[in-house]
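Next come two complexes, and both contain chain A; in the first it sits with chain B, in the second with chain C.
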Partner chain A sequence: MTTKLHLLLRSASFVQQNLCQPASRKCLHRATQMVRLCSTQAGKVHDTAPAVPVAAAESYAPALLRPLTETVAPSAAAVRQVWVENMDSADERKLGLLELHPEVFAAFPKLHLIHDNVRWQRMYRQVDYAATKTRAEVRGGGRKPHPQKGGGRARAGSIRSPLWKGGGVSHGPRGPKTHFYMLSHSARVGGLCATLSVKLAQNDLHVVRDLELPSADPGRLQELVERRYWGPSVLFVDDTDEMPENLVRAADQVPHYSLLPVYGLNVFTMLKHDTLVLTVAAVERVQERLLRALSIHNSMAVKHTDASLLR
Partner chain B sequence: MASRAGQEKALRLLRHLPRVALNNIDHPNPKPASRRKRGAHGGDTHGAGDKGSKARQHFARAGFEGGQTPFYIRIPREDPYKGHHLRREYPPVSLHQLQLMVDTDRVDAGRQIDLTQICNSGLFRLEPLRRQFGFQLTDEGMDEFVTPVNLEVQWASERVIAAVERAGGTITTAFYDMASLQAMVDPERFFKRGVPIPRRALPPQDAVGYYTDPSTRGYLADPEQVARHRLTLAQKYGYELPKVKEGPLTERKDPRQIFFGLEPGWLVNLTDKQVWRVKDPVMSEYFRS
Partner chain C sequence: MLVEELPAVEPVDVDWSHVERLLPRRTVPTPTDKVAYPSGWTPQRGNPSLPYSVRRSVNHMLPVYLRIMEDGVKRLTVVRNVRGDIWKLHDELKRHLEEANSRYIASRVNEVSLYVQFKGEYVQQVKDWLRERGL
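== the complex of A and B ==
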């Protein structure tokens, strides 16, 4: 916990150092903007890439996507903001600011939903193969072993009775048993939103512009991760499943770095990895999908169902 | 659903708590672990209780209530399909469909639109052998019905009658018996049989009231009464009753007639393109009665 606080303070001071002026934020009521900070820096940041004009920066600014329904826009206080970081060097550079929808990234941390999702992900594929034989199935035991009376022994009808050694099991596990079940749609969606909110709240969620690395050296990647105090295990999430080659080669060498496309995002994997690193495109996609999923059952508001969007 | 302030507080708390991971989440209301029916605490009666048919695996038959009259005997029977094979059916044709047919020339609005015309359009099919005794006119599209037509259907509600008359048309409800229906549904096939045109029967007892009632425009009703009811209906629904001129809109069949221009008893020869009349006076009298 102290480490956590310590880290928080360090990151806070780091931010302090790198900002000459506070970032000029546009009105929060509008769609999100990406603000270039390079112009406000005082030589601390090494901008190797050519200066990108503001118009181009805004071109990859994702809109604060509204869900399918016409809902009230989130209050300014609830909207979350994250830095968009770079991946092309170990030194951290802040490339802009991204606004996140609070319904997805600042939802109440419902731990019971998180638990339900983790349990579901574990149990739905679980198969118990334990199987025992009953007294009828155990080989033999059809004949009465000895007469009813006169032996001084306990009466017996079969050598495979559950009382006997080698006999059948009376209330044992019966054959392969699956524990498949489907968690409700709302529980799954709620779990995803809760996990993302938890990750963001605990400073374990980072957004990068893209996952292009300068080289395929796993050491360089590890250095980058360590320099930024990202947890030992990192989950990189992109919106496509075709990731940049350098990242694939580098992460392949390190077992605790995982790559995942957005469609594979799940609660278990997010909790298993300490840090979540998403690209801007991935954040856009996740937000769009989850906001839609949250409002899909709101029949009062959904006037027309577009079948293609339901995919 | 926590309020925004509560949510913010919870998320702020998380900043100071250990990282949420797979090894430190718990459920506030966990399901109790299942107990096995073996071993020290599961043995003895193995979950079957004491004695009784359940413990001895000799259960009573399903529905048995210990001797009390069971529910499935106590409640009286109600046959939902009783006599369904005897009930007449009237497949629906909506006013919207009718307007569409008229507009697209599937049906000729210059002549009377009766059962045969609707079947000849190819859009509707009537199966008399399935107890379908004709078409009923439904009110879907009644607000947009504007064409004056001379209609003959087997059943129509008051609103539908009003919609047709408001547009300047006339409507009659008529009954056709099984033999007449067979002839009407596919006239060509009927004529090829070489059988004289049958005399249309009168409606059965339960339908006589409907077809003699001027308010339902029954074909057996008094025409003067029908005219009076037309006026009354216009007043009830508040529209101006258009004047209907003598002509295609007022042509009616005789109660015993099936086809226009053909009387019962006549024989139509399609091969030689001839129509034969009845000469015998007894037969002629029968068919004309």
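== the complex of A and C ==
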């Protein structure tokens, strides 16, 4: 944490004005500096698309996670940059630049993956409670209503046959039915990368240093959001699920501002909210997790938990 | 049982490396650096001069596949995960294949799914062509 703040303060003093400084590209964290190091190694030829995901910085990765190494680093043209903004006042200040890996934030927007994810998120929890009774389950109908022959009536074996009024349903819905299914690991990961890329490309993704607000006033938060032309609905994403108190109190009053930890990030919620606001820590975590997930083969992907990614 | 009654515990140094090497890995490891590999596999070197590139698979393999359809009659060579100028790659590769095979080759480009398809069985030729360019 101290390392992060130190680098940020240095860059903040360097880029104090609101004006953009495209010439001054300052990497904020060692995680992003790893990209620089890879690209400046002698003898390495760069590709527009990496074969293997970028290394996660050792200093910010948990001790048990092994950092991945890549054969070809993303080229400078492929790497995406985003401004790191402030949340401590309604006035917008750019505190520095953050580099984003193209595999996660510049993936091709595969709409079918986004659709599949949204559909899966809707359908896996759906239970259809429609149920009908068959002729065996409808009350009565055990006795033959009239003799087989004579009487001029059609032959009948029971008053609850599907032909009869009040009879059972032959091929109706049978009891509660679940629509649970698991979308493949690669589809889910691809959907997340595609959605993040779409949000970034459409200027709906903003990165902030942290989510510390000066006060718990929801009006002030709304003023901040409106001043920066962030969408009506905003999703604030942080690294942990313990959010700063002022933000929690303020966002609680506004129904269209949502708070989410990184582990809860999903395609449906990202699309539901117009603007995504991520902290620097959240971006690093998302990048690290998705890059690692992209190197998992479908057959190896059993569970989507931290424990399964330790090895 | 009270904490004081529990037997004493002492840490034992065990070398688990013989067990750990048998445990399956969750992620595909990066191949070790070598000059030449016995299988003929080459790592991706990258080519910044080209306007296109091809993303390797999770197992570091070239994404060139043969699709056999219609009970073996129809054979298609597919190059997946093409980035950058897909039409440029298609034009250059098609020219190369047609010259090498002295015949017209029907082809298809899908810009949305990022693949290029050739009618026929040219997987090895396509892979060699991609390897020459460091892709």
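Please note the rule applied: the second predicted complex is superposed on the first by the 232 of 311 C-alpha atoms of A that agree within 3 Å, B and C clash if a C-alpha of one lies under 4 Å from a C-alpha of the other, contacts with A are read in each partner's own complex, and residues count from 1 in each chain.
Methods note: a residue touches a chain if its C-beta (ideal position, glycine included) is under 8 Å from a C-beta of that chain, and two chains touch if they have at least 3 such contacts.
Only a predicted model underlies this, so the values are computations on that prediction, with no experimental measurement involved.
Once chain A of one complex is fitted onto chain A of the other, the partner contacts of A:108 extend to both chain B and chain C. When the two structures are aligned on the shared chain, A:127 is found in touch with neither chain B nor chain C. Once the two complexes are overlaid on the shared chain, A:294 sits against chain C while remaining clear of chain B. Using the contact criterion defined above for the overlaid structures, shared-chain residue A:172 touches chain B, although it does not reach chain C. Of the two partner chains placed by the overlay, neither chain B nor chain C lies in contact with A:182.
Of the two partner chains, chain B and chain C are each touched by A:75. Touch criterion met: A:272 reaches chain B, while chain C stays clear of it.
In the superposition on chain A, contact of A:154 is made with neither chain B nor chain C.
Shared contact residues on chain A (touching chain B in one structure, chain C in the other): 75, 108. Considering their complex, residues 44-52, 68-72, 75, 108, 110, 292, 294-297, 300, 308-311 of chain A touch chain C.
Looking at the complex, you find that chain C touches chain A at residues 23-28, 30-31, 43-48, 52-56, 58-60, 81, 83-84, 112-114, 134-135.
Of all residues in chain A, those touching chain B in their complex are 1, 4-5, 8, 75, 77-78, 106-109, 111-112, 114-116, 118-119, 169-172, 197-198, 201-204, 231, 268, 271-272, 274. Put simply, chain B touches chain A in their complex at residues 2, 4, 6-8, 10-12, 14-22, 25-29, 36-38, 42, 46.
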